[in-house]
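Notes to accompany the following structure.
Order as written gives the chain letters A, B, C and D; numbering starts at 1 within each chain.
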Amino acid sequence: MINNDIKIGWDRAEMAQKVALDIPDGSYVNLGIGIPELVADFVPEGRELIYQTENGLLGMGPVPEEGKGDRELVNAGKKYITSIPGAAYFHHADSFTMIRGGHIDVCVLGAMQVSKHGDLANWSTGAKDAIPAVGGAMDLVAGVKRIFVITQHNTKHGDPKIVEECSFPLTGKEVVERIYSNLAILDIKKEGLFVRELAPNVSFEYLEEHTGAKLNQYLKTQV
Amino acid sequence: MINNDIKIGWDRAEMAQKVALDIPDGSYVNLGIGIPELVADFVPEGRELIYQTENGLLGMGPVPEEGKGDRELVNAGKKYITSIPGAAYFHHADSFTMIRGGHIDVCVLGAMQVSKHGDLANWSTGAKDAIPAVGGAMDLVAGVKRIFVITQHNTKHGDPKIVEECSFPLTGKEVVERIYSNLAILDIKKEGLFVRELAPNVSFEYLEEHTGAKLNQYLKTQV
Amino acid sequence: MINKQVNSLSEAVVDIFDGAIVMIGGFGEAGSPIELIHALIDHGAKNLTVVSNNTGSGHVGLAALIENKQVKKIICSFPRTANSTVFPELYNAGKIELELVPQGTLAERIRAGGAGIPAFYVPASVNTPLAEGKESRMFNEQEYVLEYGIKADFALVKAETADRYGNLLYHATARNFGPIMCTASKVAIVQVKKIVEAGQIDPETVVTPGIFVQKVIEVINPADESKLVEEEMSYP
Amino acid sequence: MINKQVNSLSEAVVDIFDGAIVMIGGFGEAGSPIELIHALIDHGAKNLTVVSNNTGSGHVGLAALIENKQVKKIICSFPRTANSTVFPELYNAGKIELELVPQGTLAERIRAGGAGIPAFYVPASVNTPLAEGKESRMFNEQEYVLEYGIKADFALVKAETADRYGNLLYHATARNFGPIMCTASKVAIVQVKKIVEAGQIDPETVVTPGIFVQKVIEVINPADESKLVEEEMSYP
């Protein structure tokens, strides 16, 4: 049972900070819509990352001041952004040359489900009445060198999002390298899911209870 | 026999002028290396043509004054050129988007042989010791809407260049629409070669003698 | 003298026929040619197949074109946005067809259409429902799906600046699909904020060379889609 | 801080290994990175596969690299130019391989390599000797051949201006293969006449975004190939 007296796990900002720590200096990064956007706030001192937004900008800068937005300068979530000195604009075919061609180092995406194989489902519940909408998610997972997922470990209803096999339609098969959840950081390897780091006050057993797939612990020497 | 006392046929400038008359106002035109380059000198008053050179310029202007050339502003023949106000530079993939994508209206090319089917051979004699070199010729004939050939009717040795079937390796099959030679203008139709215009002092019989393929005369109403 | 400028929005869209394939630029509001879309609503051509990244917001622009029952089918990557109700209702009622394409594949299919490439292979969508029914093939031990170029009869595009030849400059992320849609359509119709003299656009900076553009119309102060949606405006 | 500038030509090419695939920009002299090619001659890597539109002139630049027996194979559209004797001699002696590709197909294969497209169909070369042995297929009753993307280990490119991120501007028709070669190579090495501060290149005018460039070297006064050829210079 959950102990409500002590804080369990990481909040969104802490999750984003964990991701930010793992992105090497000089990386070209595409951040998905939602929690992934927070990652930009936590880049460690001394590192420079370049953000690509697939609608046509390399060198995305911070959100503009309230009221200073340009309706024609937006990110993939259609929110106002800015560009840094040294930015470049380009059309969609050139943008996806960057993505499909393997030029982006890291992409951080949200997830509906991730399987122990690294399969990602983040575009459709498969429900009959849902309007299917995919955007650039399938292109990103197929083309970017490293795919990190940042997600709550469980749905609002408490169902596990990390599962043996995805029940939702896939975005890509065997594409996710690492999951950053509110409870743990998990590496996805051929041999299965490995716990890289447990969040505060989360035990391996607690994590197992909240996960829909078998978890492995690294041997000490592999940590 | 050739009568040496009177001028037979057109000279290069006249051939180029004939081609220029047949290119509609506002056309986008690619001119091959050699005689085709002369066409630009004979655009009739009141017409504006835009020249594309496949190495990366739309809006090619005249040859610069002696000594004023820029080594990085050249045409497909690697000769100095200029650009007109309203020109655009682009890279090779974009250049051949124009060509392969059917955006160029007319291409005027030289020929080693043209068959009665409109097959063109203009890149290789097929000789064993020749260095094969194709450049953009195959892309042009495959992509441009209308291919005009401008050529001497016969080789220096007197052999016909307009033939039943090309003996040289093809540049493209069934691609040429019209031939402008020093002796005649010929249309290439499914039914064969049709004489559109005879050059001065060239009779149909004389033309037949100098041609390696069957010639047809238009019915009066079709001229 | 070549001059691609037309003098009215109605003249810009007059040739669009029933059943035409029409590409419409824009990523959401950025780059959406709202005045041209409204002109197409006034013009009234029906049974259109529209190629566009989204399906519009509120009851103006692309959403209004759809609401006006002029669109038979839409080829698109993301037909669901915050203020999008028109498309979902028609789609759920079975009154409009949808061909859902990953965004990068959509862009590349349009580019291929413009570049004379009938088909090509991509890795996106492999092992997903969007690859179902598509040919696939292995290259270097990785699986790819065969995708086809898309050509259109018309494109409606918004750019920033043009000259009489149709050379175009864009603004920021409004560039998105404009340049490739101009290449892939027989008649690219472009609204710009400003038409300048030939020679005023530096040839090194031209984004869309004029060869890809057939008609240019100056719309100095284009409407602000978000504002119209906020004010619950509808067109016509 | 990201800074792609290197301080010497030797440092620029130091990682090029024996057997590497190297794309070399330029259409004839325009855009040919002569100083980088000479640095590669000094460096000495052998058994290279070179992808370049031509094979160089005289005994400098690309012709000198070939003459120095560093090139095993060349993939090219036009290996014959006015002052080209080095390649023809080696080719006729059977000492260098040639893969002849139509110019537009060469450009598209390079672009595809950079864009993650393993293969695509084109109409060029159908019914010619250059289509022999290639797969072909009908689309809309027209025949096309299957062509494959080309990727390289390195690209040597000449541009006009760069910043520390590797954003590039080019000059006139020297642009030619540079932008696509940068996308298709793991390490794009670019010589420019001028390196400027980040922000001094207008983001609307960037031709090659920095993501495609790994090393930039400033060569303020590049040699004039035609002049060297005229003076019958040779390198080294």
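The definition used in the following text is that contacts are C-beta pairs under 8 Å (C-beta built on N, C-alpha and C of every residue); 3 or more make two chains touch, one makes a residue touch a chain.
If you're wondering where the values come from, they're calculated on a predicted model, not measured in any experiment.
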item	value
Chain separated most widely from chain A, comparing mean CA positions	B
Geometric centre distance via CA averages, chain D-chain B, whole Å	30
CA centroid of chain A to CA centroid of chain D, Å	37
Approximate Å spacing (C-alpha centroids) for the pair chain A, chain B	57
Where chain C touches two or more other chains, by residue	108, 111, 115-117, 122-123, 170-172, 204, 207
Chain A residues counted as touching two or more neighbouring chains	57, 83, 89-90, 93, 96, 99-100, 142-143
Full enumeration of touching chain pairs	A-C, A-D, B-C, B-D, C-D
Touching residues on chain D, where the partner in the complex is chain B	27-31, 53, 77-82, 87-88, 91-92, 98, 100-108, 110-111, 122-130, 170-180, 207, 224-226
Complex contacts: residues of chain C adjacent to chain B	1-2, 111, 113-117, 163-165, 167, 183, 197-199, 201, 203-204, 206, 209-212
Residues of chain B that touch chain C when the two form their complex	26, 28, 48, 50, 52, 57-59, 83-90, 93-94, 96-104, 142-143
Contacting residues of chain D [partner chain C, same complex]	108, 112, 115-123, 139-140, 142, 144, 148, 169-172, 202, 204-205, 207
Chain A residues within the chain C interface of the complex	53-57, 70-74, 78, 83, 89-93, 95-96, 99-100, 124, 129, 131-139, 142-143, 169-173
